Amino acid sequence: MNLTSEHRTRRRIVNWIMEGLATLAALAAVALLVIVVGSIAKRGIGAIDFDFFMETPSFLAGFGNEPSGIANAIVGTFVIVGFAVLMALPVGVLAAIYLNEFAPRRIQTPMTVAFDVLNGIPAIVIGIFVFVFLVAGHGQAGIKGAFALAILMLPLVARSTQEVLALVPDAMREASLALGAPRWRTTLSVVLPMAVGGIITGATLATARVAGETAPLLFTTSLASNSVSWDPTNALASIPMFIFTSSEQADPALQEQAWGAALVLITFVLAASMVARAFGLRSRRRLSGGR
Amino acid sequence: MSVSYVSARMQLDPAELHGERPGQRDVAKENVFQIDGLTASYGRAPAIKDISFDVLGRTVTAIIGPSGCGKSTFIRCLNRMNDVIPGFHSEGEILFHGIDLQGKDVDPVSVRRRIGMVFQRPNPFPKSIFDNVAYGLRILGKKDNLGERVEHALKRAALWDEVKSRLRDSALALSGGQQQRLCIARAIAIEPDVILLDEPASALDPIATSSIEDLMHELKEHYTIVIVTHNMQQAARVADMTAFFSISEGEDGARHGVLVEYDETEKIFTNPSEKRTEDYVTGRFG
Amino acid sequence: MASATGSLSDPAALRRRGRFNPGDAVLYGLTLIAALSALVLLTLIARELISDAWPAMEEFGLGFLTSRTWNPTGNVFGAAPFLFGTALTSFGALLLAAPISIAIALFLTELAPRWLRGPVGALVEMLASVPSVVLGLWGILVMGPWIVDHVGPFLHRTLGWTPFFETAPAAGSSFLSAIAILTIMMVPIISSICRELFLNVPRELKEGALALGATRWELVKGVIFPYARAGMAAAMILGLGRAVGEAIAVTQVIGNNEAITWNLFDPGDTLASRIASSYQGATTHLMVSSLVYLAVILLAFSLVVNLLARVIVTRVAARQEGHT
């Protein structure tokens, strides 16, 4: 490398510029997050009051009507996401158990790839699939939306569970087998209890991800009534759908409701993600070394 | 509590075994294992070839030899632990009380209930001390008198006094030597006939090591012990019989383990028949 | 208390009961069925979508991909405007997101003081957890007006001679808004993958360059980039895949128009956003079928993206194993 003083200075300047750009980029990203979250908080906080959670919207009649709350959307999201978890969690965990504990190597890879491919399918395509498969000709229903969300959750749960299971040391499996425990007993009594923390973390993260999805619900559970309903056999309202439809309206009072709903949604998603990640870090540390 | 009282309480389910527990019979004169022509391979090349000898009951048999001579492979054949390794297969016979352990219709799970194993690195479950020892019992469905059985096992493993006041504490809080004795107690709790130990003290400090060695003398009163060790002095201290394995080269140049000599420990160390044995025990190689 | 026999009296004790332990068989069976679920779903998705798109596929064939007409009343449909829109918005966003993401990843791995890396990294990841509908809401009501009032006129003034900013910005909904939103969505994904990649560059390689007196930037350019090259390509591809599949945020800010134009201030549509905007109902069977046809195109694209990224990663992993 040329060490003449002139070159050295030029190299230093170039380096300095690049470092500056990198720092700027990082700052911009953080600033953007602050701006986005800040706008949501600022504009949404006005809509938040007790009624917001308790009342139902009354905006369908158009302008002049007092929009009041999103109780139906909250209940709907709760029911839809609840059913999605019920569908995806057992299947995902069982699949991960097969992939990590039982599958021979040459089968494990293609099957894992299948889950990765499923993961890469856009949410809107999944929504159209469920529409075509279950809704067309039969009508919308909360549970069908839940099914679409479950398809989105499945690869996430399977992958994160598989990762945790792989962290459980083989010495534990050996110890159990050497005591005359059959494979199923070893898996249920030794491996799973050790992995449970990580499984919960993965499931929570997947739930938080999926609770904010709109596209799978668009064609499966979007035409819902304004009243609070717990019945998944009919279309249910949901927070993401509420935000989506309200965002297209021009009524500023309605927009404020949308901001309020957005604030509720990201608070839930961000809080759940952070708690899950912190919890996951702790249980991962315990699994891989801490005594 | 007298020994016979406890033994009577510890009767195995009669449906599992007709007749009485071997522990009550004079098994010391008997061949617990009769190994004949055992050859084991991972994939194509054999790791050990043509091993043949007999293990006597209620004795401590040590397996010694340089690294790579297949001692671990051999001992893991005795309780079918190698089955979990993909690509493993073996030929030859291992007769356990007359039954070929490698027979097609033999259930490895049942084998492991009668032939227990303690590993090189202590591997207690991240559960309480009590739950570790009780694990095997619970699997067998022997939930009655769990407390007494656990206590009995911990006493036999010379650990009871140190942990009796903290049975519910995590096993991971114990020291290395204590954990290994816990693993021994865990194996003992299900009343096996044989205990296999694969270099049980190699991960422990000298004091912990000597506590394990002292235990061997007591344990052989009740169980047949086979212990793999790379430490010759240890073999000389604890074993009644010693088998010396070494590495041999086949025609294709592939190296595998073979049994060189098997005899009473004293003879192996003072007056071995084979030159290779003499070279090893005098430190000339290995 | 001596007794007669000296051997294990009941050999049956060691024998199997059946070929497998029943508990093992049950667990194995259950988990196998669960593991097959992904394959089953993939097959089902492909089959259902293709069969429902079939009427449109039969009617329009591959000409669907080049036809510019999307006319519900005339019952003629073509995907060209949306293919164009998808390409324009996704590649446009990639163009912006790539350098930004790489810069952020470099900042987090090479530049930032250790105590800063965790928090800043977490904040960037947090950007990824913002639901797309919320980002879209922000895009319509905050970013859109801002573009119309400030950024747009500036771009039009300075770059109005290019086909991209020909006209003055009219509304908040446009290709430009879509590109901006997609950029925001891509950056966390690409930067987190790149961050992993840069962390995995072997220390010896880096120390070698530093020992020769290289500046940090020269280290990046000469050592880190070449080493992580393929992984970065895979990250770009995955980010691209994400952008192509994004329906909600894009449909909120893109204006839903079937124009093919380079003018970024015009409204347009992508494959995903066109599907999303039709959720309130399609008028004819052929229209529904055409929408599903669009979904099939999206599905095919996502499969290609996924496999391509995977191939790149495995090829490079193999090559790097060979080197070390």
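The chains carry the letters A, B and C, assigned in the order they are written, with residues numbered from 1 in each.
In the analysis below, contacts are C-beta pairs under 8 Å (C-beta built on N, C-alpha and C of every residue); 3 or more make two chains touch, one makes a residue touch a chain.
Everything numeric here is computed off the predicted structure, so don't read it as measured data.
Novice: Compared with subunit B, which chain's mean CA position is the farthest off?
Specialist: Chain centre farthest from subunit B's centre: C.
Novice: Mind having a look at which chain is the central one, using mean CA positions?
Specialist: A
Novice: Where the CA atoms of subunit A average out and where those of subunit B average out, how many Å apart are those spots?
Specialist: 49
Novice: Taking the mean of the CA coordinates per chain, how far is subunit B from subunit C in Å?
Specialist: Distance between chain centres, rounded to whole Å: 54 Å.
Novice: Could you state the distance in Å from the CA-based centre of subunit A to that of subunit C?
Specialist: Their C-alpha centroids are separated by 15 Å.
Novice: If I count partner chains per residue in subunit C, which residues reach a count of at least 2?
Specialist: 21
Novice: Residues touching two or more other chains, restricted to subunit B: which are they?
Specialist: 109-111, 114
Novice: Out of subunit A, which residues touch more than one other chain, so two or more?
Specialist: Each of 182, 185 in subunit A touches at least two other chains.
Novice: Tell me, which parts of subunit C touch subunit A in their complex?
Specialist: Listed in rising order, the residues are 21, 23-24, 26-28, 30-39, 41-42, 44-45, 48-49, 52, 99-100, 103-104, 106-108, 110-112, 120, 122-124, 126-127, 129-138, 140-142, 184, 187-188, 191, 212-218, 220, 241, 244-248, 252, 272, 275-276, 279, 288, 291-292, 295, 298-299, 302-303, 305-307, 310.
Novice: What part of subunit B is in contact with subunit A in the complex they form?
Specialist: Residues 79, 81, 84, 86, 109-114, 116-117, 119, 121, 123-126, 135-136, 139-140, 172-173, 183, 186-187, 190.
Novice: In their shared complex, at which residues does subunit A touch subunit B?
Specialist: Residues of subunit A touching subunit B: 104-105, 169, 171-182, 185, 189-190, 194, 291.
Novice: Considering only the defined contacts, which subunit A positions touch subunit C in the complex?
Specialist: These residues of subunit A touch subunit C: 1, 3, 11-12, 14-15, 18-19, 21-26, 28-30, 32-33, 36-37, 39-40, 43, 90-95, 97-99, 101-103, 111, 113-118, 120-126, 128-129, 132-133, 136, 151, 154-155, 158, 182-185, 187-188, 208-209, 211-215, 218-219, 222, 240, 243-244, 247-248, 255, 258-259, 262, 265-266, 269-270, 273-274.
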